[in-house]
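What follows is a pair of complexes built around chain A, which joins chain B in one and chain C in the other.
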Partner chain A sequence: MGLGPKVYTEQMASSVKAHEMRQHPAVRTKRRYSWKTALVAYVFLLPTLIAIALFSYYPALSALLGAFTNWNGFNPPQWVGLQNFAQAFQDPIFLASAKNLLIWSLVGLPLSLVPSFVVAELIFHLRSTRAQYVYRTVFVLSFVIPSVVTILIWQYIYEPTGLLNHLLISMGLQSWTQSWIADPKYALWAVILMGFPWVNPFNLLVYYAGLQSIPAELFDAAAVDGVSGLQRIAHIDVPMVLSQIKVLLVLSIVGVTQNIVVPLIMTDGGPGNSTTTPVFYMYEQAIQYGNYGYSMAIALMLFVVVMALALVNIKYFQAER
Partner chain B sequence: MKSHGLRNKGALWMTALSLGLSAVLPVVSVNAASPPTVPKLAWKGTITMGAWVFTPTAPGQKVAPGTVRQTALLTLANEFEKMYPGIHIKFLSPNYGNDPNFIRTEAAAGQLADVWDAQYADLNSGVIPHGIAVNLAPYFKKSNPYVSGNKEWGSYMSPLGLAVSQAPNGAYYEINGDYIATAFYYNKALFKKAGISKPPVTWAQLLSDSRILKAHGIDPGAHRPYWSWWSRLFLSNFLGIPTLKQLLSFQPGNPSITPQDEVVGYQKGILNPLKNPRVMAWWPVVKELYQYWDKNVSAVPVLNAPTSAVTGSTLFNAGKVAMTYSGSWEPGLWVAGKQKPANLGAFNLPSIANTSRYATTYDSTTTVGGPSGGFQYSISTPQADQTMSQPGKFQAVLDWLRFMSSPRADQMVVNQWGVTIPTFKGSHPLPALRSLTSALSKPWYPVFGFSDVSVSAHTQIFKLFQEYINGFISFASAKQQYAQIVQQAVQQYSAQNH
Partner chain C sequence: MVRTGVSWRSQWWTHGVLSILGFVTLYPIIFMVFNALKNGIETAASPFSFPIHPHWNNFVLAFQAILPAFWQSIIVVIVSVSFMLVFSLLSAYAFAWLQFPGRELLFYVVFALLLIPGILTLIPLFIEDKNFGLLRTPWGLIFPYIAGGQAFCIFVLRAFVRNLQEDLFGAARIDGAGDIRIFSLIVAPLCVPILITLGLLNVVGIWGDYVFPQLVLGTQHETVAVAITNFIPPPIAPSLDAFNLQLAAFTLSAIPIALLFFLLMRYFIQGITDGGIKM
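Here is the complex of A and B:
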């Protein structure tokens, strides 16, 4: 046996990277445009930047300041310093919601990343390009279904007389039937595991694009050396789409942290507070209770957590370069 | 006023649901429609109003079966406009108002309507922040010039409506002019199929009827476990008249038990679940009913259910369950439903006198419902509605509110809807609803069990109660959690209203 797959990967990747760098638009245009030309570009970008600053950054900064106030959404806010944060750490509902988020993240993140990768692999390695196209389309078509519709379908599935219990009864497993989203013992798991077979069309596309960008020579060389399918995935596919995995990981963390739609529509954070997440609690405090200051403090804490994770990720990328 | 299906059919069924309530209506003559003199108004312009359920139906607009073509407020507006040329009353969408989030958002932008509808509990608890609605207390003490001979606007308002509308700081942020009721509804055909000849009159019969219906393959009933209805029915009963009177005495002269009374009651141990077993002794009693009733409905989140979620009302109107517990708006839905109204009936809360050793003979039926119908209107402050800073506009808006809140107007508007009864002295309810007025003349003993003390407690208690009712937590766990929620609510209330 000649060179191992890992060596192949490293050599080819280095070659591809160098080629990409030469072709990168930024490298090609750096010397061509003068500062005047760049200025024109910035002027054209200005309206967009102003809009982003006004509608994205200004509200975020307002929330940052609002986190230190007591504000009911109407009367002038009162500065309360760190009181909202102290309140959060003594608030049993907020603490329960943080625990729920932790469980959701630990289970939900692998569900968000792994099945989509598996399906992308299966489709990518189909021999027929037509079959690839068909399967890709079938999986991606679900993209157009609004998430609310999906949630409502799953609500029906989980009902006491819903599809899941009917299925269990038909299999002779009547004792297994439950009030899936009404029972606090099962509700969180029910909402986390919602969406079987957990193939996220966006993630699938990203993985698929990553797999497509792997040079064919790598697969040819691996085939010549008799590399098995699992070895190829482990030593070629995964390392080559690692950057996609990292990006999807960050996006998934953000997605799980900000996931308000499922508890809001399906369970109202209940039964009890068993499916309450920090972002749902934030919404509840602001919209239902009118405690905007406290709500913004929760938002700020979420922001810090997500930002910290993103910074870790960025640092990791930089170190790799 | 045009007659309509809802009014007639609703009236018919309200006769049934109000059985057991004796008519003790003090009859007061309706004031004359035309006042002798009216104030002069210098301001001219448009007054906007979100009238919610009383919003006049637009000309040419078709109304759904079972709903009413509303004209009364438009008639009143035309009269007012005729009196004051240059002033126009513009009615906004029926969906305008009655939603605290909507009101808060509109107010934050300074573009709230001049007059709008909100529930008193939202105004008093701070869910709708103070500063959005004008405090009408000073004006209640002045005459309403649109009611002949009137010396104090508040003098003809029902004491009950005034009591519940008063915020802890003494302010009145709204006028409150109607009263709503609730009842159990049943499907006569399904009862007959199960061999049951008449509706239950005791709680034990309600349970046994539910068992019989279930044994015959009929879904006995459906209802979301709505905490504050059950707490008012059972907690009020289990506390008993002497204790209720003691709670009432914490604010002398007030005919209703308020959140403040509950907080004092907690501090004195009367409403502390850890000190008084009566406070939670009724929970297992209610739980037993839900063991028979439809789990698909009792499991749906009570407060913020998805719009697609099944309700007791929809199942009942589709003939799929034999019973439901709902408001006096329910018969109006029958007109549009698949069931023949003749097959449907109503009965009051069966006697709960012997359900526990703590149960009393106090009839708590009227504690659910009450002065929380649709005729609850507020005026925006200039902060909430920038147009109110125009010189003279507030006086014009106030006069419109005075004009449309005379006993005559209250009667016109409320009776056209046919679901609630007008409560201003001098107004008359629809004949079929007259028996409900007896509740207005009695002290009102609704004990909300702290869900009215803070909105946070409201949400948490509703969720906790549902968990217990559906059998997911033990009584001991529920008791511990309830005590914790109540303690926090009391602390919060005391801190905000010290």
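Here is the complex of A and C:
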């Protein structure tokens, strides 16, 4: 596979015998390097560094610089300072998208974290390991379905003649039927609540792994002391999987902020910008209108917000421990 | 392990809740498969029902429509994920076990990328592909995917490699093995479960990615996710059945991932379970 290891010759390998450099880092007080080890390290790192320089840092820097320019993709970019940012705060569509994202996050983050945890709890505390295995498989199964498929099926569920209205009619609730994603009153809520009952396979497995790593003695002690299930969850389970919750929270913040596929393939941001998101607006500005500078300013603002949230989150949780 | 506090009643309650939630979670998939086997008239009349007279031909027609996209996706996935894993395992080994000047700095250079969201680079990557002449070629996807996977893979692999028994290396070193030997004969084989986990996560991510491929490849060389979203049924199919054929295409798009998943499930769960998915 790959170019990786083939590039290096066998002589290079055998010439590296720096045993003395192998001590545990904590033991060594004075930092001395073997140039042979260093050379091997650089060669090992080279493919990664070339890849991220060209296809991660270069585009990230061009986004950073582009945000301060007026650029339509053809003429050379002109430096305009903070004008794009000022424009964004007076742009009603951008502001609408920011408000949508706020609502989406406030509702969406609990939905991505809590139901998966509840299901992981329920599965983990089943006595039969066979039943645990079966349920785990059932909930993880939806992992194989591409997310565009899930979104498109939900689009059908929400259509005026779709499954949700069919279901309501069959329950005698004809008056409740709506054209869910075509009505600006309901569209945002329909897309936020999509995916009921919101059990995310990846989050579920991460929580489950966290629960598995809790020493069994803790549960036994709790059982002996007659601790109720809810007390046990609050005092043992949640604190013990806090590091998993932290990672999943950061990943969910990043995920909800990057929400572009739903508006792109399902609602086109409509009706009347009711489901547009900042990322979708960024995309539209660049691809449909060619306003690359403005688009990158929006991307940069999102990036700053996400980064700030992630750092606060990491700091806060580290202080807790 | 003794769990004396749990009575059979609470377990029945748990089974009930899990069964209902499991059914509702899987319902979109059940709906998809059932209706992929009906024709348009049957779906309109009873979308919930079981397909009594399955139209297997729907799958044949849908497969013909998305076959080129299948090949395109398979190439992109295999090339991207292989290089991604080889590069990141090499770097993880260097960060975990080798001492060199600039280690700390390079460490931050790589891990800062964990904080850079894909949306920031989406449009610049598109422009970069255009300037490099990579638009409408699979390389326009493959290079960014390889780079994009590095930070997370190295993050997980470094912790894993660091936790390997140092004695193993010590013995090999006394026998005169260099880093390349140790890497390829000891470290890489021990990393197989975690590599499978990371590989599977990335295969699923790339296979299902929609936004970037439709920008880079357009509709001429589309990947599976793009082809099923903008599904165009073959002209010989009755237009009433377009939705059913699209559902058949959805089902087909999940099959390669499902196969991989069932083959590798054991490693996958083991990988997430022992892996470093925590801070």
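In this section, the second predicted complex is superposed on the first by the 277 of 321 C-alpha atoms of A that agree within 3 Å, B and C clash if a C-alpha of one lies under 4 Å from a C-alpha of the other, contacts with A are read in each partner's own complex, and residues count from 1 in each chain.
Basically, a residue touches a chain if its C-beta (ideal position, glycine included) is under 8 Å from a C-beta of that chain, and two chains touch if they have at least 3 such contacts.
This is a predicted model, so every value here is computed, not measured.
J.: Check the residue A:V138 against both partner chains and state whether it touches chain B (first), chain C (second), both, or neither.
T.: second
J.: So, does A:I265 touch the first partner chain B, the second partner chain C, both, or neither?
T.: both
J.: Give one of first, second, both or neither to describe whether A:L152 is in contact with chain B, with chain C, with both, or with none.
T.: both
J.: For A:D183, select first, second, both or neither according to whether it touches chain B, chain C, the two together, or no partner.
T.: After superposition on chain A, A:D183 lies in contact with chain B alone.
J.: Considering only touches as defined above, state whether A:P160 meets chain B (first), chain C (second), both or neither.
T.: In the superposition, A:P160 touches chain B alone.
J.: Can A:V312 be said to touch chain B (first), chain C (second), both, or neither?
T.: neither
J.: Who does A:L82 touch here: chain B (first), chain C (second), both, or neither?
T.: Neither partner.
J.: Quick check on the superposed pair: does A:I287 touch chain B, chain C, both, or neither? Answer first, second, both or neither.
T.: A:I287 sits against chain B and chain C alike.
J.: Looking at chain A, does chain B or chain C touch a larger number of its residues?
T.: Comparing touch counts on chain A for chain B and chain C gives C.
J.: Who does A:G73 touch here: chain B (first), chain C (second), both, or neither?
T.: both
J.: Could you pull out which residues of chain A sit against chain B in one structure and against chain C in the other?
T.: After superposing on chain A, chain A residues 73, 152, 161, 264-265, 287 contact both chain B and chain C.
J.: If we count contacts the way the header does, which residues on chain B are in touch with chain A in the complex?
T.: 100-101, 104-105, 107-108, 126-127, 129-132, 295-296, 299, 301, 303-306, 308-309, 383-384, 455-456, 459-460, 463-464, 466-467, 470, 472-473, 484
J.: Quick one: in the complex, what on chain C touches chain A?
T.: 1-6, 10-11, 14-15, 17-18, 21-22, 24-26, 28-29, 31-32, 44, 47-48, 82-83, 85-88, 90-91, 93-94, 97-101, 103, 106, 109-110, 113, 115-128, 143-144, 146-148, 150-151, 154, 166, 169-170, 173-174, 176, 178-181, 183-184, 201, 204, 207-208, 210-211, 215, 224-225, 228-229, 243, 246, 250, 253-254, 257-258, 261, 265, 269, 272-273, 275, 277-279
J.: Going by the contact rule at the top, pick out the chain A residues touching chain B in the complex.
T.: These residues of chain A touch chain B: 72-75, 92-93, 152, 155, 159-161, 179, 181-185, 264-273, 284, 287-290.
J.: Quick one: which bits of chain A touch chain C in the complex? Just the residue numbers, please.
T.: For this pair, the touching residues of chain A are 1-5, 8, 10, 12-17, 19, 21-22, 24-25, 31, 33-34, 37-38, 40-42, 44-45, 47-49, 51-52, 54-56, 58-60, 62-63, 66, 73, 119, 122-123, 125-127, 131, 135-139, 141-150, 152-154, 156-157, 161, 163, 166, 196-197, 199, 202, 205-206, 208-210, 212, 216, 219-220, 222-224, 226-227, 229, 243-244, 246-247, 254, 257-258, 260-261, 264-265, 279, 282-283, 286-287, 292, 295-296, 299-300, 302-303, 306-307, 310, 314, 317.
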